[in-house]
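Handing you this structure, nothing more for now.
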Amino acid sequence: MAVGLEHFLILSAILFSIGLYGALAKRNAIVILMSVELMLNAVNISLVAFWRYVAPALMTGQVFVIFVMVLAAAEVVVGLAIIISIYRSRETVDVEQIDLMKW
Amino acid sequence: MTILEQFQQWLLNYWPSWAAYLVPALIAFIIIVIIVLVMVLMFIYMERRIIGRFQIRLGPNRAGPFGILQPVADAIKVLIKEDIVPIRADRWVHYWAPIITFFPALMIFAVIPWGQGAIFADLNIGILYVVAISSVGAIGIFMAGWGSNNKFSLVAGMRTIAQMVSYEIPLVLSIGGVLIIAGSLSMMDIVEAQNVPFFLLQPLGFVIFFIAAASEINRSPFDLLEAESEIVTGYHTEYSGMKFALFFFAEYTHAFALSTIAATLFLGGWRFALLPGPIWFFIKVLLVFIVLLWMRSTLPRVRVDQLMGFAWKFLFPLALINLFITATEAIIWPGFPWWLLFLNFAIAALLIVLWSGLFPVPGEGVSFKRYGRGIAKGMALTFKHLFRHPITVQYPEQRLTPARRFRGYQLVWYEDQCNGCRACARACPVSIIDIETRKGEEKGLVVEKLEVDFGRCLFCGLCVEACPVQALFMSRDYEKASYRREALVMNKEQFIAAPDKRSAYAYPDLEDEMPPQTLLAPPKEGR
Amino acid sequence: METGIVIAFWVLAAVIVGAALAVVFFRNIFHAALFLVLCFFTIAGIFVILSADFLAGAQVLIYVGAIGVLIIFAIMLTRETKRGNPSGRLQLPALIVGLLFLITMVVVVVSTNWNVVAEIPEPTISSLAQALFSKENGFVLAFEIAAALLLAAIIGAIVLVREK
Amino acid sequence: MFKTEPIMINFGPQHPSTHGVFRMRITFDGERILDLEPVFGYLHRGIEKLGESKTYTQIIPYTDRLDYLASMTNNHAYVLAVEKLAEIEVPERAEYLRVIMAELMRIASHLMTVGFMLNEMGAFFTPLLYMWREREKILDLFEMVCGQRLTYNYMRIGGLSQDIPEEFMPALERFIEEMPGFIDEYDQLLAENEILLARTKGVGILPPEQAINCSVSGPVLRASGVQWDLRRADPYSIYDRFDFEIPTCQNGDVYDRYRMRILEMRQSVRIVKQAMDQLPLGEVRTKVSATLRPPKGEVYGHIEGPKGELGFYLVSDGSPNPYRFHIRAPAIINLTMFRDVCVGRLLADAIIILGSIDICMGEVDR
């Protein structure tokens, strides 16, 4: 059985759903960040799959993935900085206890 | 078309396609693993021997001729040790850490060109693959630090993250210059492009690459992860047996990988005159490794904040400037003519001098006095010592003669001289001489019992000095060991049976009959 | 070659899904982070199957070498491993949302008639560079903005964690 | 950069760079030291109490085991104290030989200190082995005169245990001739090394006032700029006959303590050279009874040891054994400032500061 576009898209969907569940259900801010990373990766997979099967001549799919990676790096840097900053003042990374907009 | 691919194409005529691809690949893989293992063993041997010579020692020379089997002996010793997992360690992480450290190091060799067409996979992302894979090793080291439940290991883990992340940036940027000149990421193309070796066209890039890579693989002076004097052995403090062997192997595999990459990117890979390619390649690799050893045997370790400062304040801006200059040159002289090397050397020297002023020694302020001159002096001295005669000796075969007055491990006692006065027993600070006497027929007192516990003896010689009748002497022997304390107690019969190896301690008249002492620096003739 | 790719895909897909589940469900968040790294690494394998080799290298370099390490570093700094990885009040709604999304996506993917092209792309590095930096249809502006974004992120992170 | 929870690490008693069985309980913020508590006593053998049950001569071998890297000077300090107590004259030749031995011992001890300090800085054993080469030559000389390489037990109350053998002077001459060249080599190896400068300059600064308050002595004190050397301040033996300088440094950091030892080695070579030239012939020992009974009284005899002021306090009650035997060990007193100079520095700094103080656990724990 050959592997086609659908396989990659479904894999991407599964990964995205897992990430979505983690981002919504978990209380630890770092786990939420990790779940977001999973979702971004899921998107990357589908972008590359579309490029490979639908428009290999245009490099736009890959270019988008590169920008997603840049965004992910920026996001994780700022996100972790915020988490550490919150942890420093409140001694916790539990998002249910971080309910004030100031620290 | 690599040799491997040609072989596969040829096999396709005879074998089904899956076998034609898989079998040669497997064979090539095994060959590469064997090359890596042999070279790693050789590196371990070289490290131990050459550092020995830098330090005017003999170095290990027992196992096999010239100690050539020493790494094998090391490996066997390590492998038969008990595999200990610390209590309350994170067993799962502890188990996987050495594997995750080792395999990325091995995977690098997939894209190393050993000679014309002799490459496992000529990936067109070649050098990017190398950089990406080698960044995985940091996670293994960090896992070891975290999973050992040891605070020293944890400190090493924290240092790993900081060091690896910081030095990866100048490393990649310094490779950038090479990529601009070669115009390709593929390792084969990079070697093919080196009509002039790139360390001539990219002197600054080469220096930055070498320093950053030495830091990536934790070689001295950046060996903060296993800084023995600070954090014991860092991340592998709690490892033993097979797992420790994997770490040990990973370290040298990394060193080998770095040497091959440096040889490929900057020293022209297999290309040079006369000799066949692979031989030149290995010569270049060994040269790079010897420089690493040379650095290790000379330089002190940097401190962790200086390590970070060096990466960010020195290497990073220089690497950026280097990249910029190379890009400019690529626009003005797209062919990179050979005479650019003069310009580039001048720029490199200028930049290093300028930046050394911005990296002041505390207390001296910004000055342009130092630009590695002290380091160069020290390196010159160790190099001089490489050719000096070692000061250590091959012990059991080559024995040193002790001094004529040597105070050796046991006493020499003459029964017929002894008058049983017990002066020795009274003089002894630790009261280990036990003498019982009785009235004799010919002499005044006859020694009935003499027992000395050499397990407690200080070998201070006060007993010999106290003896009024020349019956007690120190001995010139210096080898005594026993598994049982009782065996160290000598009685009268043993004293009589013991060989007469008296020394001249407290009896200067006897000195003439003793052989002269071996001196490390004997007095010159004619004095 | 084709069978090899099929085998590789299924193995990688299984590892990806397993590792992703481990990230979300493991109690020890240090282990969860390690599985996240594994997940990133196998996704690079998927990129190789999709013949996006430059992206595979970049994936390992950026996600494994940088993002994974940063997350592990943050875990160590916050020392939350003891308290583990608890679920919040939204567990059931999150599960429902996740499953609904999954079902929707699967239905959409299966029912759509994708306009698949048969051609297999050549090595992509130079064409990727062309696409990024070419004067027409290039992404130079976006590239520069991304660089500015990274700079802003770095400065922001430094400001956030600086000792007061 | 990041604020973390402080962690407490036990360094030692088994640790590669704690000079034996020293233990430090360090509280860290990251790698920065918040608090440091030195713990010692793991090598305590009760030498002071033991001494009360030994005769004055029998104590000499025990002094070898105080600072076992500088046994000669320990012997020297002890016999000087006893001679002061019992008012014993020492032959001229013995005095000169004692000075030669003490200065050679100072060189050997400094070589060991500097070598290990550089080793702890991460210079993988090379400086240590180069310095050990010269230390071995000194030990060869000591072995020649007294038959041992570590625990010499050479000096006696009223002189020396025996005269030097014939071949000693030529061998010493060669050593003294070559030694300045070797010291130059050590300087060439690392003295200007940029990494070493960055590691040591401004690290572990001990201001002179604090040094005096902590009663620090020896090279550590002189590195802080206080010109205090017992060889000049309170000349004992025959040190007033030699021409030498008391080198000092200004900053009192680890680098200065390292330089101090190199400078002192050069001065020691000078002293030995002069003593060799002036060495008279004659006896080396006045006869003193093995069961010496000094008159009642107390005495404090001190010398400038390689590590600082080494003093022996003796109380005699007229019996063959001292009534009280106390040792003023420089290493333990120099350690008093250790916590103060380490707090606020990094882990790696603490290790080299400890190395630059130069402790010997045999002396610290006694």
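In this document, chain identifiers A, B, C and D correspond to the written order of the chains, with residue numbering beginning at 1 in each.
Quick note on the criterion: a residue touches a chain if its C-beta (ideal position, glycine included) is under 8 Å from a C-beta of that chain, and two chains touch if they have at least 3 such contacts.
Remember, it's a predicted structure, so these values are computed and weren't measured experimentally.
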| item | value |
| --- | --- |
| Core chain by centroid distance, with centroids computed from Cα atoms only | B |
| Pair joined by more contacting C-beta pairs (B-C or A-C) | A-C |
| Identity of the chain that, by mean CA position, is farthest from chain A | D |
| Separation of chain B from chain C, taking each centre as the mean of its C-alpha atoms, in whole Å | 40 |
| Inter-chain centre distance, chain A versus chain B - centres from mean C-alpha coordinates, in Å | 43 |
| Between chain A and chain C, centroid-to-centroid distance (C-alpha), Å | 6 |
| CA centroid of chain B to CA centroid of chain D, Å | 31 |
| Residues within chain B bordering two or more other chains | 158 |
| Residues of chain A touching at least two other chains | 84, 88 |
| Sites on chain C at which at least two other chains make contact | 54, 58-59, 66, 70, 73, 77, 161 |
| Interface residues, chain B side, partner chain C - complex | 17-18, 21, 90, 92-93, 123-125, 128-129, 131-133, 135-136, 138-139, 142-143, 146, 157-158, 161, 164-165, 168, 185 |
| Chain A-touching residues of chain C, taken from the complex the two chains share | 2, 5-6, 9, 13, 16-17, 20-21, 23-24, 29, 32-33, 36, 39-40, 43, 46-47, 49-52, 54-55, 58-59, 62-63, 66-67, 70-71, 73-75, 77-78, 80, 83, 85-91, 93-95, 97-99, 101-102, 105-106, 109-110, 114-117, 119-121, 124, 127-128, 130-132, 139, 142, 146, 149-150, 152-154, 156-158, 160-161 |
| Sites on chain B touched by chain D in the complex | 51, 54-57, 151-152, 154-155, 158, 220-221, 223, 227-232, 296-306, 361-364, 370, 372-375, 377-378, 380-382, 385, 391, 402-407, 426-429, 458-462, 465-466, 474, 503, 505-506, 508, 511, 516-517, 519-524, 527 |
| Chain A - residues contacting chain C, complex | 1-11, 13-22, 24-28, 30-31, 33-35, 37-38, 41, 44-45, 48-49, 51-60, 62-63, 65-67, 69-78, 80-85, 87-88, 93-96 |
| Chain D - residues contacting chain B, complex | 7, 9, 15-17, 28, 30-31, 54, 57-62, 64, 118-126, 129-130, 133, 136-137, 140, 143-148, 151, 153, 161-163, 165-167, 170-171, 173-175, 178, 185, 188-199, 201-203, 251, 253, 290, 346-349, 351 |
